[in-house]
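Structures given as structure tokens follow.
Look for chain A in each of the two complexes below; its partner is chain B in the first and chain C in the second.
Our next item is the complex of A and B:
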């Protein structure tokens, strides 16, 4: 089942002189994990906002094309009603905190839906357990570590029980542990809840472990949309567009161009250890 | 007696915030002229608190910080600003003028330097870093990467011996991060001492000759970068791990690959030699 359909989407802000999204079309299956990469200014954040209805409802600009989330055409529904279907987590979690406790923070969206008190309590418990912040419900969000803050933001989105979760560089300001915390939560969500996940992220070495497909956005256009296993097939092209290549993949590419016999390029450390051991055991040229 | 080429020295440096948070705990560190040094560690490990002592933004709760022979306790911000340029994690926290040219002139003007000299310095930096087209542009109209470049340049016109950059990668894509690191490398090549804080281990591996690892306000390792990354166990205690290529080298150790490999190029050379044998 298609969860998201984007058809010939064009968008420019009132202040832009060119299309920021320029004829973007793609589909995402229910339960899929799609990673979006691309250099600064490619249109990644704009794309995220366009999938939640924040664009066009919250911005002035010119829109062409159709975006459907679930069965809803985002132009016809206000961002508030879309919020029950699609949640968004921004790079800086503090930009979305409004209250003085983690509990209130997660409750905020639910209260706006006018859900019964019992239901709200239960959803707060569930969401906070999934992201493992159930022991800090009574603390102030701003007191938490970066990784914890980001998990609060994710929990607040999850409590709305969205079908789609969009994360716009959620680990940008986190240290390596904080990053891993967020990735492992996403992995778990997908496994246990089969939520559709769209993740904007530069850390390709990590996301290749999780993403089903990867998209390269460049100057507002989709330059590449492939299964993760095929995304780096043309290393030179992807690197030229400013996407970091996993180091083990880069090494494979160099060795291959020097004549080494590799069936394909490894993407993860574990895979590369196996492949390069074999190469060293048998000599590979 | 301080050794001639030590540019920054901390002696038993302690910093306690609001009387209760011990952010830096008894740090002894010597930075020598011309070094290219990375400071790594988890969020909250004290990296920024430590480096803010180098130019007197923070004063020690106890202990001493000596910059070019000057104890920061007795030095004014102006005296220290001449010696240590500090680039904040968020460039917008330091940009305050209406044009790039004014931004670059701001520091030296506050140091009371002769206007003709200021102009020469600003022109020189504008030329060196290809900012001519932005000379009359408002810094906030630039993209984030260029704002960060302007922030670095605005410290350079004060001609500091030491430049500290707190996380050169936030809000930048890979190419922009590398461009900035190349700029720092270039400055280091001219004899300036470079200190940078980052979570990006690839940049550490490729640029820093020496790496300091912090944990809970203390230094847990301080060595050549290849040596630091050769100890994945100690790094793991601080919730860090070496770059992927270094981890690969370590997992292929039984083939005689050294554990301190720092770049893909280096690994490629080693693999080729082994395969050819």
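Our next item is the complex of A and C:
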């Protein structure tokens, strides 16, 4: 079942001369994990905002095409109405906090949905357990580490029980420890929830572990949309578009160009260990 | 208490009452063990404001009644001007010190929860929370901008006041851009979490109102009524000397 359908989407901000999103079309299945990558200015954040309804409702500009989340056309529903269906986590953890405690932060969206207090309490507990912040519910968000802050932001979205969760470069401002904390939450979500996830991220080394498919957005156009296992088949093309290639994939590509016989390029360290061990057993051929 | 004492102090024209409120505030400051560094910034700001206002009173406010205490060129210091200035000083110190008590002794979250308990409209509570939250964020951005400019050789401690102020423009510009970006992010975050200014909402976190709270609120409310009545009935300025 299709969770997201984007059909020939064009978007231009009132201040921009060119289409920031230029004829973007794709579909995402329910429960799928789609990673979106591309250089700065490719239109990744704009695409995320379009899927939540914040564009076109919160920005001035020119919109063409159709975006449907579930059965809802995002042009017809304000972002606040779509919030129960699509959650979004932004890059900067500081800017997205609106209250004085972690508990209130998670409760904020639920208060806006006018849920009963018991239900809010239950959802806060559930969401905070999933992202492992249940021990800091009464702390102020600004007292937390970067990784914890982003986990709070994820919990705040999860608590609204959306069908789709969008994460727009959630590790962009985090240190290595914080990045790993966020990725471990994504792994947990992948394992325990059937939620559809769209992740904008540059750390290809990590996203290849989780993503079912990967999209390369470049100058507002989809340049590549493939299953993760196929995404790096044309390494030179992807690298030319500014996408970092996982090191083990790069090594495989270099070995292939030296004549090594690899069935496909490995993406993860575990996979590469198996492949390269086999290669060594066969005398490097 | 903050609202009530600030209101009473600022409303009254009676020297004895204003002085009484200032003493009450100072007692509260002592009881709450507010550290001097927390009060110093208020004292400095109020001190500067009072100095400037005294100069303005002395230069621009004509002495229309009462004896003249001092006259030199454009500067004329009248007794009534001094008395008014003194009353303003008492009011400002009382109001600012009680604000310091609130901010030092009360968590920001509890301030907002207090407003909710008082049934202040949701949107007002939200704006107050956002302001308190953004003050903390902007102050961090401010010091980050100062550090960034300092690392490029801009020295904020050298030169006269005007030169130093001019250098702060270089902090203000990046701060302005960062603040715009933060406002945009905050607006997006609000929309993505179903925020609308109107419509039914649940107030999840509220402070339960105890009987003692009600008694204190009634007493302070009564005090406010008395002070307003006193002010409306019109007490004359006491004659000094």
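Following the convention adopted for this analysis, the second predicted complex is superposed on the first by the 284 of 285 C-alpha atoms of A that agree within 3 Å, B and C clash if a C-alpha of one lies under 4 Å from a C-alpha of the other, contacts with A are read in each partner's own complex, and residues count from 1 in each chain.
Here is the rule we go by: a contact is a pair of C-beta atoms (placed from the backbone, for glycine too) under 8 Å apart; a residue touches a chain by one contact, two chains touch by 3 or more.
Note that the structure is predicted; figures quoted are calculated from it, not measured.
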{"item": "First (chain B), second (chain C), both or neither touched by A:175", "value": "first"}
{"item": "Chain B versus chain C as contact partner of A:248, first or second or both or neither", "value": "first"}
{"item": "Contacts of A:208 with chain B and chain C, given as first, second, both or neither", "value": "neither"}
{"item": "Contacts of A:127 with chain B and chain C, given as first, second, both or neither", "value": "neither"}
{"item": "First, second, both or neither for A:84, with chain B first and chain C second", "value": "second"}
{"item": "First (chain B), second (chain C), both or neither touched by A:109", "value": "second"}
{"item": "Touching partner for A:197 - first (chain B), second (chain C), both, neither", "value": "neither"}
{"item": "First (chain B), second (chain C), both or neither touched by A:117", "value": "second"}
{"item": "Set intersection of chain A contacts, chain C complex versus chain B complex", "value": "none"}
{"item": "Residues of chain C that touch chain A when the two form their complex", "value": "107-109, 112, 126, 129-130, 132-133, 136-137, 140, 181-182, 185-196, 199-205"}
{"item": "Residues of chain A that touch chain C when the two form their complex", "value": "49, 52-54, 57-58, 78-81, 83-84, 86-88, 90, 92, 94-101, 103-104, 107-117, 120, 140, 142, 156-157, 160"}
{"item": "Complex contacts: residues of chain B adjacent to chain A", "value": "41-44, 143-145, 170-176, 199, 201-202, 239-241, 243-245, 247-248, 251-252, 255, 264-265, 267-268, 271-272, 274-277"}
{"item": "Contact footprint of chain B on chain A as seen in their complex", "value": "39-41, 145-147, 172-178, 202, 205, 242-244, 246-248, 250-251, 254-255, 258, 260, 269, 272-273, 276-277, 279-280, 283-285"}
